[in-house]
Amino acid sequence: MLCYYLPMTTTREHSADAEPSVHEHHSADRAAAERKEPAYVVTEKAVMEKSEIARRFLETRARLNTNVEKANNFLVKRFYNIDHNAYLDGALPAKTKELMGLVASTVLRCDDCVTYHVIQAYRLGVSRAEQEESLNVALVVGGTIVVPHLRRGYELLEELYG
Amino acid sequence: MLCYYLPMTTTREHSADAEPSVHEHHSADRAAAERKEPAYVVTEKAVMEKSEIARRFLETRARLNTNVEKANNFLVKRFYNIDHNAYLDGALPAKTKELMGLVASTVLRCDDCVTYHVIQAYRLGVSRAEQEESLNVALVVGGTIVVPHLRRGYELLEELYG
Amino acid sequence: MLCYYLPMTTTREHSADAEPSVHEHHSADRAAAERKEPAYVVTEKAVMEKSEIARRFLETRARLNTNVEKANNFLVKRFYNIDHNAYLDGALPAKTKELMGLVASTVLRCDDCVTYHVIQAYRLGVSRAEQEESLNVALVVGGTIVVPHLRRGYELLEELYG
Amino acid sequence: MLCYYLPMTTTREHSADAEPSVHEHHSADRAAAERKEPAYVVTEKAVMEKSEIARRFLETRARLNTNVEKANNFLVKRFYNIDHNAYLDGALPAKTKELMGLVASTVLRCDDCVTYHVIQAYRLGVSRAEQEESLNVALVVGGTIVVPHLRRGYELLEELYG
Amino acid sequence: MLCYYLPMTTTREHSADAEPSVHEHHSADRAAAERKEPAYVVTEKAVMEKSEIARRFLETRARLNTNVEKANNFLVKRFYNIDHNAYLDGALPAKTKELMGLVASTVLRCDDCVTYHVIQAYRLGVSRAEQEESLNVALVVGGTIVVPHLRRGYELLEELYG
Amino acid sequence: MLCYYLPMTTTREHSADAEPSVHEHHSADRAAAERKEPAYVVTEKAVMEKSEIARRFLETRARLNTNVEKANNFLVKRFYNIDHNAYLDGALPAKTKELMGLVASTVLRCDDCVTYHVIQAYRLGVSRAEQEESLNVALVVGGTIVVPHLRRGYELLEELYG
């Protein structure tokens, strides 16, 4: 989830005190060649202008991430880096993985995570029907305990696609 | 949980594009004959006048359900219908099932769901002592991680019964 | 859940180094007067003769409890005592509470706990239809992730009621 | 998850006492037209010959489902039917949904469910790299608590693809 | 977790209608002699002056606990008492146990509980590095689903230690 | 959890295709200087001779890890490496972190993980009383749903310390 990714830890300038860039230095690993940054068709700025829910979420996340960055905790940075890598284009396209992140977030009932993955999938050009079918899988696997999160998810879908 | 039930999907007018009414068309199923709508002794309106927590919850739920209804997603509607059926009077009375829904919601730590089932049980004439004993089972099964939800549950109990 | 209850900690002989018997010494508490041991209509022995699944579960539990008893851990004993109290007859009958324990165990997906509460409910005279309706509430709240446990639960129901 | 699907409830012969076939009778629903059964490229029989883990799982599932079918519980049948519908080809292809089911099952840590969805995805022609990337999303979202299930998942992948 | 501890239930004045004080009356239990109240190096008042997040949390908790106290539910009081005992100095120091409570609360994703244990650990003299390493264990065990709670935890750490 | 650590990924020989060794190359990170491998006082071999439960667990884990290693999945290797780092000696001693891993594993109800951390803590010289107090925190936070895992944990404690 890019959501949890601190920009500073993977820019070229910080790579000295972070780990080497993933898809360049690990060519020996299977599938490494396939990993690449996804191509967003909508900017984060455009999302924030379209949806008030998205705007509030993204601003709060940015503010809270400032503290986490400042702490400069080695293990947290490593973890964010792995997280970033898990959602890159690879054997599966990034948009499929973002929808998988959405399903996982929904069955684990994390509102912030649902909001994040709906936004990410939207930015990658996922249709509303695809988002709804992903939420359907989560609803069936997770049961009615998932419904309050589903309802809030649909509110965001309405702001983005409605 | 009626909480998750979209009224439009089960009214007689919509039954054409929904599934057949449960207790009429499935007489071959064991227990089907027993399923029937519970008899509420308190209206939703009366609950909203008595408790500010209940009022805010029910209004937000109604507002969010509008989006879900509008989406008209087949699988979500089916799921809500099953949910509705699970809490009808049957081999076990509806009030027992609402309290079971309360226990499940509490151990799974869903505030909205706890609020919903406390309200439903109250409307069916469940006493405060019965609500508390249900919460006790949930507390013992679920441990102290349940306590923040228990505290908020007691706040609602106080508004309804206090 | 009697399941987790070490017999030795509540017999009269051990009450000196345990806490005072609940329903005698706390008469000031609301509802305390109502708490009393449930009346089983089937013995544990009869259950073990009827169901192989139940027999294996109860024997393993008994064997493992020996170690826990031997450890004589103060906090564990207190916890087991609270657990025992949560399922006594009170404002709600013991059989309702055992079914609530079954619902909680099912949505939290604990096979041992499901087995235990099905047995307890059976011993208290609960019908198969009541057990199934309880499992239905759990299925709807918990979703398909609950199904493997449901299937194993039905296997036990078949041995006990079939 | 077909895993939880009782064949008898959706065959044409039984549709009289079950609900109407989904994609025929609900044409008013958005996306309904798209739902259709997925095309398996590997039979269940072939899977069982290739993998001992798969064989044991599928046989146990079949045996346990016999009890559930015999019980003929209305709500369980309805639930299985919804479950079946959630994984059909639609706006998203069935193989993507099976992999979503795999991710959900892994973060919720259900071995039977992981086994089921790995088999389903395999039968739909999903590559090993796609299965591993799905498990990677689940590992990152779910953390090391997921690892024991990941290890068992890799054992099955090895039997199927190795 | 003291968080869940109702002061009235363990003061000497109420011990008559509660259970006997733990470390005096159960000398036969192993380790009982070791249990004692931890020595706080920072008062709750000082924490509230330093951190706005802590102040709001502690005030809300106090307000909600009023209802729970008023209910005077026997089982809830017993449960709070056990909870209190679990975090006393013993074979492990209280500060280690509070950090364990923090790890458990983080992997179970309970914001109120995270806030509570961070405050408790701070009051017992735990360093920021120790808090962060505890959160790291939780992050690795629990995965990215834990991150929203981690972010909010770091906000509190910043207010307390920054 | 060392449990999930594939030896090959962090030996000096493999560091070329893995990431740089953590405590040497990231000196700019706070606390990095403190991370170091813990000093075991009991070998894995000795544990396996003492406990049959431990022996079976460690052998199965080794066998299953062979498949995971063979897959050579980049992200899994990175994840195992982070996991390894989370339990090193640092601001908190390794033995405290292993007990935190035990608490997290117990409240999340993962038998393999409980077994692993009990063994790790034992190998680091943790006493039985410290293990039991850790399990007590988990029991109180997690409730009776934790009890089946607690019982199995006590069985292992008995084999190791009894």
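First chain written, first letter: the chains are A, B, C, D, E and F, and each begins at residue 1.
Note that a contact is a pair of C-beta atoms (placed from the backbone, for glycine too) under 8 Å apart; a residue touches a chain by one contact, two chains touch by 3 or more.
For clarity, every value in this text was computed on a predicted model and none was experimentally measured.
**Q** Mind listing the chains that sit against chain B and also against chain C?
**A** Touches both chain B and chain C: A, D, E, F.
**Q** Using C-alpha centroids, which chain lies at the maximum separation from chain D?
**A** E
**Q** Count the C-beta pairs in contact for A-C and for A-F, then report the pair with the higher count.
**A** Spelling it out, more C-beta pairs touch across A-F than across the other pair.
**Q** Would you mind working out whether chain B and chain D touch using mostly the same residue numbers, over half shared, or mostly different ones?
**A** same
**Q** Can you compute the centre-to-centre distance for chain C and chain E, using the mean CA position of each chain? Integer Å is fine.
**A** So the centre of chain C lies 29 Å away from the centre of chain E.
**Q** If you average the CA atoms of chain A and of chain D, how far apart do the two points sit, in angstrom?
**A** 25
**Q** Indicate the whole-number Å distance between the mean C-alpha point of chain A and the mean C-alpha point of chain B.
**A** Computed value for the inter-centroid distance: 33 Å.
**Q** Mind pulling the chain D residues that touch 2 or more other chains?
**A** 1, 30-31, 71, 73, 75, 79, 82-83, 86, 104-105, 107-108, 132, 136, 139-142, 144-145, in rising order.
**Q** Looking at which chains touch which, would you call it a line, ring, star, complete or other?
**A** Topology of touching chains reads as complete, every chain touching all others.
**Q** Please name which positions on chain C make contact with chain E in the complex.
**A** Contacts found on chain C: 17, 19-20, 22, 26, 28-32, 71-75, 77-79, 82, 85-86.
**Q** Quick one: which bits of chain D touch chain E in the complex? Just the residue numbers, please.
**A** 107, 139-146
**Q** Quick one: in the complex, what on chain F touches chain D?
**A** 1, 3-4, 61, 64-65, 67-68, 70-71, 73, 75-76, 79, 83, 104-105, 108, 110, 112-113
**Q** Report the residues of chain A in contact with chain B in the complex, numbered from low to high.
**A** Spelled out, the residues of chain A in touch with chain B are 109, 132, 136, 139-140, 144-145, 147-148, 150-152, 154-155, 157-158, 162.
**Q** Tell me, which parts of chain F touch chain E in their complex?
**A** For this pair, the touching residues of chain F are 1, 30-31, 82-83, 86-87, 90-92, 96-97, 99-101, 103-105, 107-108, 127, 129-130, 132-134, 136-142.
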